[in-house]
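Below are two complexes that have chain A in common, paired first with chain B and then with chain C.
Coming up: the complex of A and B.
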């Protein structure tokens, strides 16, 4: 499974500062620039120069195209039942960072497919699951060292999942699932009650309330799973209600927004961003929601910030670059598709000062392609992470 | 027979050794010293050394001398063994005689639960272990509890408790996470453990103060990392229970100062388990073997050591893991696990090397009393 390049980097010790030059016929910076015959120079983990219109030097790694390392805000890296504390349905101060297994093979799969930064979130069995973390997909096997932004978002879920295991009070009295919401209405009530309680809490605040307050003021985006139309509407309505009650700076990012395309005006009105579900299974997704191929285009054209994700996709759909290809098939331009897997998610997660585009001073995270990115015939053949060539082109 | 054994244990009270607790009846009574001299082709001393054509003198259940050409008291019985003598083997993490009694599902933390009160001394489990050369086991609270209580080191004969409160058992693996009760997550479990250790009571206070080693159950590599980080946060020392995924993390475990109770092996186990033990051994981590008896046959203990030797572990290290190092991990190295002056006379007389599967047991002595083997 490992490429020789990855093995080499492991043997040499990941994380050692390295200098190097990567040359491509075309370099796409991720923020709209296309640089032809361009050398990307890196040192000490950062990009030190972008030099277009040159010939490759002998010692440069040479490929067809270079993009920024991609960013997946809804990556499947922590989706274990042990990544949610289900004793309570609302656990705002839960930290998914304490539940990650960096030895899991999914990290390596993301890295090899050119995804260098991901957001990991609590498993969506709770209404409000807790705090997400943004981290690199490679490097030292140390969550703290890989972290780009701790407490990057407040994660929760609408729809059927948070209530799916619950039931009315029958059977074993010590079963925690006998006292939690069993409907969408109940799930929304838990959210609304939590926000109102936090907004009007008096005296010394507990840890969970403090986190909810940070979400209410917009310091932390609310990153909420909502596949189906009714759940997208619920998320938007709730945040609009809380904005009216509290602080207008509160932010919403809808995750898995398969049917966000059915309510584009609502998203424009609310200023919410959307992380789209992966296109997989002919557009059939969770909660009966249908994901239209033109979703990304519809929303982008209206000015909604869109990011693509792999979420639970299996097979080819789990490769983020393939999702960019599907979005283009749905009408997105190449630059828009590239932004949807690089700078857009970086901005949404508040990490665009470090990652998401190629610019001097930013992290040297590069995806090296053997052809035009997102084409079915192209793939990521090399990856540079923090300046280290962690996957070497053959 | 039982009476004689208890009698011998009682007489072992002298000297610096901690007092054994006698869990069943029997009145100690004064008697002249019983002295036995053992001679063998080879002694494995339990500390990694071997002594060829060695002898040891046992008086009233305690080893009084080990060496070559020792003076044998005139009153001593002499046993000449045409083979190998090793210290009795020690099985870490076991539940002999306490099936189902080492896990209280009604509480996630029971720090002052005591495994010494959980077992039935007359259990046949112990007879099976004696027959396999195991003379002491560490009864260990179950890994499903966040804080399971303290382990107890118990001889496999006569209900003798060598040490109560040997280790505080902590559950850092997914086994301590539950489907329908708290905690369901690693973060939830860690917060609860942090809370318990930030404001410690009872056995947790002892562990937090460095006076009681912890035994942290772990499974996968992330669990090992979390456990070591938790131990570092609270300045704990002791051992990890679970070695299967330890291979890449052996240097980190060495740096932590933690020992490892290796997972039990079954014959035919895939090689990762043995590779991990080899990596621990190469990193210089102290380790012993868990057995999880009675679920596993007692012979699995030395099979585990043999499997590791086959994978490249130094045979002397493997023998030490079965004896002296296991005793150190359980905090009873001054009492059992080695052939040395002042230690309990827990001996196994083998036909050959204990980690050769073709070797058989000819006799087992616990506290100087023969408990396995025919009359001589």
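Coming up: the complex of A and C.
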């Protein structure tokens, strides 16, 4: 029964930015340091000091461990098929920031699980859905105030989802889904056509083309959902093709990436990063993709940047912290697992100057643990967001 | 009397016949295990402990203890020895779990348990050594369950305790309302009552089958075999049941009679808190409250006070977090269910979810994260379920006299980083992770032997023969020349066109990559 505590702390938190001290037996900074018996001091929403080797002061909030607030690049927050434009397959200039429902309960679920920053992306019913936004999971009910980075990535999807509801029109089109693409290859064709058109567009550019051009120059990473190997291949080959065609510097982040482990050399070659899907115990995921337990280790060992995701934070064992635990079960070291839920996603989203590790001057986003982080036998009991204690330890 | 001796003899012979192949298969039940750490779950944890198992039972646990000079010793210096987890209630490991009959007390999971079901392999992988298999909750009275161990080629070899309890449900069976369900459950006992009354009355009037058969055959009814025994039980009784020998009773009614007499455990499912009240009242009306284990949906924590008052133990839903939304504010209210039962002093066992990952180690770990002590969390997956199944003296801890079930973990049993390395059941080593191809596949995607490997480069070859010198010709749509095929050497194999769909696609895809 965490909600009363949360409500109370939210009520207290609104208003003046709080100053405070949070003390833990161990503080993991997220950039490789492990500080024992450490006090984290925050003021005006920023970290002002990390002091290891001290005794706790009376007014400090005491917990077993502190990590940076976690970051989920593939969080499913309050966007649904209803917030995707269904009359076009390619909508690069659409912004998910305009369809976010901050009053939805999903934000609170992520926040309570210790996730303080998420990337919100358009729902994957379009091939190229639009622009993702990186924002905090709590604070004011105001997208602008919560935003850490607007237009953080260009989001799209390969595989079966963009075509899943479409069907060919027989006779007169009878609904909005009488449209292409209806196959995997149709989806790929939409992607390629869009980028080629953008590459060779002349004269006055429309808004969508401008966004695609920003993706082609590498200013915006392409954040593409691809579960199965064939879709990972499609994404990598498309990006490589565009690089060769237009001398572009496209950056690819494969989302979900359940089968990225099958051909990690592809990702190494293309410099793509991977956000991994939540671990399913039997390895069965979307699009028939098999997700091996050691995926994160296989990719990390080859130098691929890996971030983890929980998607929904649906239950105690499927939150982002538990995903880091499963990655450790698959062979990652603690530091690698920590990086995969903090600094790696921060770098991929271009927000590592503000979040993703604990350092003086960075945002005061902390996850407070009642035991060893990422073990299923412990959990996040408190959360500090922008210096406010928004979830208080009981 | 002679019959009884004969039947006892044949039972013994049958038991021998069953036991011999099992022993031959897995070892002889004698094993000494030395582990880097032994968690006895009986109050102590030993560094470098030794467990001596003889004839399938633990004869000693301790440090530096003596064991027979000729004993087989297995050393696991890096492992943590732990008593196996106990699954209090599952409907997996069997064929379809729900019969399409309301009151089916006569059914038995013995006839449905599938020894080679994938579930048992998974149970070993998760360190579960004792499992109560029960019918599903889509019933009024579902039938009799079995407690088994996840090893053996027949149900008899697997059996730990036959007829562990009768499955019942207070939750609406498909097509029923909640009221109909409650009435059907009550009527099952009313029907039993009426049947017993009628049977006794017939006996008194000499209209019963045995008497009429004797009359028909022109002899006196056999006094010796016509002995019954009076009905016992705390709720209601049928006077004169001693007139009717038990073997004359309808087999369909016998399990329910045994329940009313308080001799059979009942696993009573409740899908909502209101059904808990129905379940408890029917149990006390019919005298089996003290033998009842409630199997609960996670909303049933709301009825915890009523359960606590009656001292009934429960098996909890695998989904341990109850989430409810306030209809006015839209806020989520979360309740961690095991904590409620712990705080009210109710005995509770955890159970695995339907998938293999959220197994008992997982459930216990989640309990620890949410406010239970380590001891409470482990008890709810070992000693408490053992007690609920009436096996408190046999499984759940590593102690002298208990079954020789030991699970060797690579680390702490509740850690997300630990794996089950080995499992010993009744003194026989039955699981070794090093040879578990399924585990290898789940971990790294490694392909088990004799299955087609995944080959993304489309190097497709038809699997028609094992001879690598054979040259394979694959027909395709384009450029197909029947002449050419005919002129091919006799050793060449021809293959149908539709076989190479994947190969072609992957080759094309590959070309895209190589163009760079």
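Basically, the second predicted complex is superposed on the first by the 373 of 394 C-alpha atoms of A that agree within 3 Å, B and C clash if a C-alpha of one lies under 4 Å from a C-alpha of the other, contacts with A are read in each partner's own complex, and residues count from 1 in each chain.
Keep in mind that, in the parts below, contacts are C-beta pairs under 8 Å (C-beta built on N, C-alpha and C of every residue); 3 or more make two chains touch, one makes a residue touch a chain.
Keep in mind the model is a prediction, meaning the values are calculated, not measured.
In the superposed model, A:379 lies in contact with chain C only, and not with chain B. When the two complexes are overlaid on their common chain A, residue A:177 makes contact with chain B while staying clear of chain C. Of the two partner chains, chain B is the only one that A:141 touches; chain C does not reach it.
By the document's definition of touching, of the two partners only chain B reaches A:130; chain C does not. Contacts of A:101 after superposition on the shared chain: chain B is touched, whereas chain C is not.
Once the two structures are overlaid, the count of chain A residues touched is higher for C than for its counterpart among chain B and chain C. By the touch criterion stated above, A:244 is placed in contact with chain C alone, chain B being left untouched.
Applying the stated touch rule to the two superposed structures, the overlap between the chain B and chain C interfaces on chain A comprises residues 103. Considering their complex, residues 81-87, 91, 94-96, 98-104, 130, 141-142, 172, 174-177 of chain A touch chain B. On chain C, the positions that touch chain A within their shared complex are 319-321, 325, 330-336, 355-358, 362, 364-366, 368-370, 374, 377, 414-417, 419, 441-445, 454, 456, 509, 512-513, 515-516. Listing the residues of chain A that touch chain C in their complex gives 1-3, 7, 103, 105, 108-109, 229-230, 233-234, 236-237, 240-241, 243-244, 261-263, 266, 280-283, 290, 292-294, 298, 315-317, 322, 325-326, 328-330, 370-371, 374-379.
The part of chain B that touches chain A in the complex is made up of residues 174, 177, 179-188, 190, 220-222, 225-226, 245, 248.
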